[in-house]
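Starting off with a structure, shown below.
Chain nomenclature is as follows: A, B and C, assigned in order of appearance, with residue numbering initiated at 1 for each chain independently.
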Amino acid sequence: MIFLFTDFGLEGPYTGQVQAVLHQQAPGVPVISLFADLTPFDIQAAAYLLPAYSNGFPPGSVFLCVVDPGVGGARPGGVVKADGRWYVGPDEGLFAILTRRAHHVECWALPHPTTASPSFHARDVFAPLAARLARDGAFGTGPVASTASALPEWPDELHRVVYIDRYGNAITGTRAVAVTGASTLNINGHELSRARTFTDMPSGMAFWYANSSGLVEIAVNRGRADRQLDITVGTLFELY
Amino acid sequence: MIFLFTDFGLEGPYTGQVQAVLHQQAPGVPVISLFADLTPFDIQAAAYLLPAYSNGFPPGSVFLCVVDPGVGGARPGGVVKADGRWYVGPDEGLFAILTRRAHHVECWALPHPTTASPSFHARDVFAPLAARLARDGAFGTGPVASTASALPEWPDELHRVVYIDRYGNAITGTRAVAVTGASTLNINGHELSRARTFTDMPSGMAFWYANSSGLVEIAVNRGRADRQLDITVGTLFELY
Amino acid sequence: MIFLFTDFGLEGPYTGQVQAVLHQQAPGVPVISLFADLTPFDIQAAAYLLPAYSNGFPPGSVFLCVVDPGVGGARPGGVVKADGRWYVGPDEGLFAILTRRAHHVECWALPHPTTASPSFHARDVFAPLAARLARDGAFGTGPVASTASALPEWPDELHRVVYIDRYGNAITGTRAVAVTGASTLNINGHELSRARTFTDMPSGMAFWYANSSGLVEIAVNRGRADRQLDITVGTLFELY
């Protein structure tokens, strides 16, 4: 399977143009949109979502990852093999947390493209590569001595909201396993307790919990946490 | 074919995560998103849309139906076979109108899951089941003595808006065949006549008509009924 | 491959209902949503997008094109074969620019349907036809003497915004190859220079460039052109 992890949206042309390349060059391989509404330009938010939302998929899965404000400039492109899964996309930090957490990592830097559209490397460079990885299960003849952009200044657990879902739940860059027990989460002056899931809380009450992909998520039972707590992507919080 | 009938949205991770399970466990079966923007928490609205929008599909079709505010709590999950089509999802009323109208119905209650994520039974329980139904065309060895939640207090025809489409048309829980002839529809003080379709009315005029799935729909030719008549999901109306 | 080029949106029922018809009647043919958020009723905007966004795809591709405010009325439906690609949909001008630019064109007028829903010819008329074209690669026994609606009063290059993408970039109905060199673009009193791509401009600065499908596009590096320049679909501009 090929997974799309982008800020393209689904309704305009970009996801469709990329899917067409994938279907032409890797016929019969299912293409699944995992995220199409990553926050434009926010590479860090995407970097913390990527390992949490790709970990569960089988070895050989290919992730086409694009949050690419630097497209057409000097920024490098990269291919990462992490614990048997493939990742392709612009390399300005998008793979930094993924590679930090993986047990086995190989990386390849891509040459600067000469014929691609300067504004759509996803269609002209990364999608053909993703198709080839899905088809062949290999990249080139051996690992090139290279690492993905590492960004050591980014913390292991990011105390920042990285995504707001359709229900208004706020997904964060912090893994629930890294939080000791029943810690309190403070966001915008609201003190939130931990719960197991929505129905354990009274209707309208805010809380945090370990979401179905292992991240700390801020939610309101039968309500919208984003509006009730005035949260957007980028809002910071504390745990204690 | 497997149809998704949910409130997940398409752009975030949930539809993609469910599609991945379906492609892995029912390879080669087309997966189609029928509704991804059902109103969160509004089980009743979804219940009146489900028979209207699933009736036309062939026997053997599988519908993964999820509006699930009670996920992780004590609410039951269910499988319904109605007139040859399969339906899987949380059973708090979502299947009540479907089963009331179908000619031949079998129901199974699902055991409370022990290993699933308490916030994502769609991925961990219902999608694997939908894949199995699409693959095998059968559930277990025989019908268990069980019925879906029946909600007899819900009317046969619901005089309430249950969905607003991209054009601002308001779809209702009332079947057009249940309305005598040229009845007048009153919503928010506006009296609307019946028409055959958009182009039979002057530009900018509101009306109601039998939509392409057999439901009463409130519309404006070349305009948005939701804004012009101040309608949202949940707005009530009268027919006389 | 079958491409959807519509104003249906993806999250409600219409795209799914059309996809179901296509999967049933052309099994195994990939169906790709190219545009699902064309501006309702704006046939002209769609007409200038269609050749730019369909040109790159291989002969035999089928485009199901629906912006159809006249559905159910007397407006004709049509099939167009242009440079080896197939196009099906309502014919009120949607194919006018496509056929003007193509080297080899054949057109067929469709008979007025008698059994289709008066509000959903896409599902009942155009999708079955698109499936048949994808399957058979031919339409009928020979070209009928007919042309698509030509609209000669529409200019070759339209100085009007025809689409706003998810990033707030404004795509226009003007081909970049038709613009001499470094022309200045004036929109809402803002004078914009031409650039190669986003990263060639300072952050926050508006410019225009030749987008990845060959159209003049108005953008802001790391910003939203629609908000910064107060642009919507329909905004006019000048080039000099």
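Methods note: contacts are C-beta pairs under 8 Å (C-beta built on N, C-alpha and C of every residue); 3 or more make two chains touch, one makes a residue touch a chain.
Since we're looking at a predicted model, the values are computed, not measured.
Simply put, chain B must spin 120° to overlay its Cα atoms on chain C, rounded in steps of 5. Between chain A and chain B, two chains of identical sequence, the interface residue sets overlap only in part, with shared numbers making up under half of the total. Centroids of chain A and chain B (each the mean of its C-alpha atoms) stand 31 Å apart. Counting partner chains per residue, chain B shows two or more touched chains at residues 9-10, 37. Put simply, chain A touches chain C in their complex at residues 7-17, 19-20, 23-24, 37, 40-41, 69-73, 117-120, 123-124. Those residues of chain C that touch chain A in the shared complex are 1, 3, 9-10, 30, 32-37, 53, 56-58, 163, 165-167, 196-200, 209, 211-213, 222.
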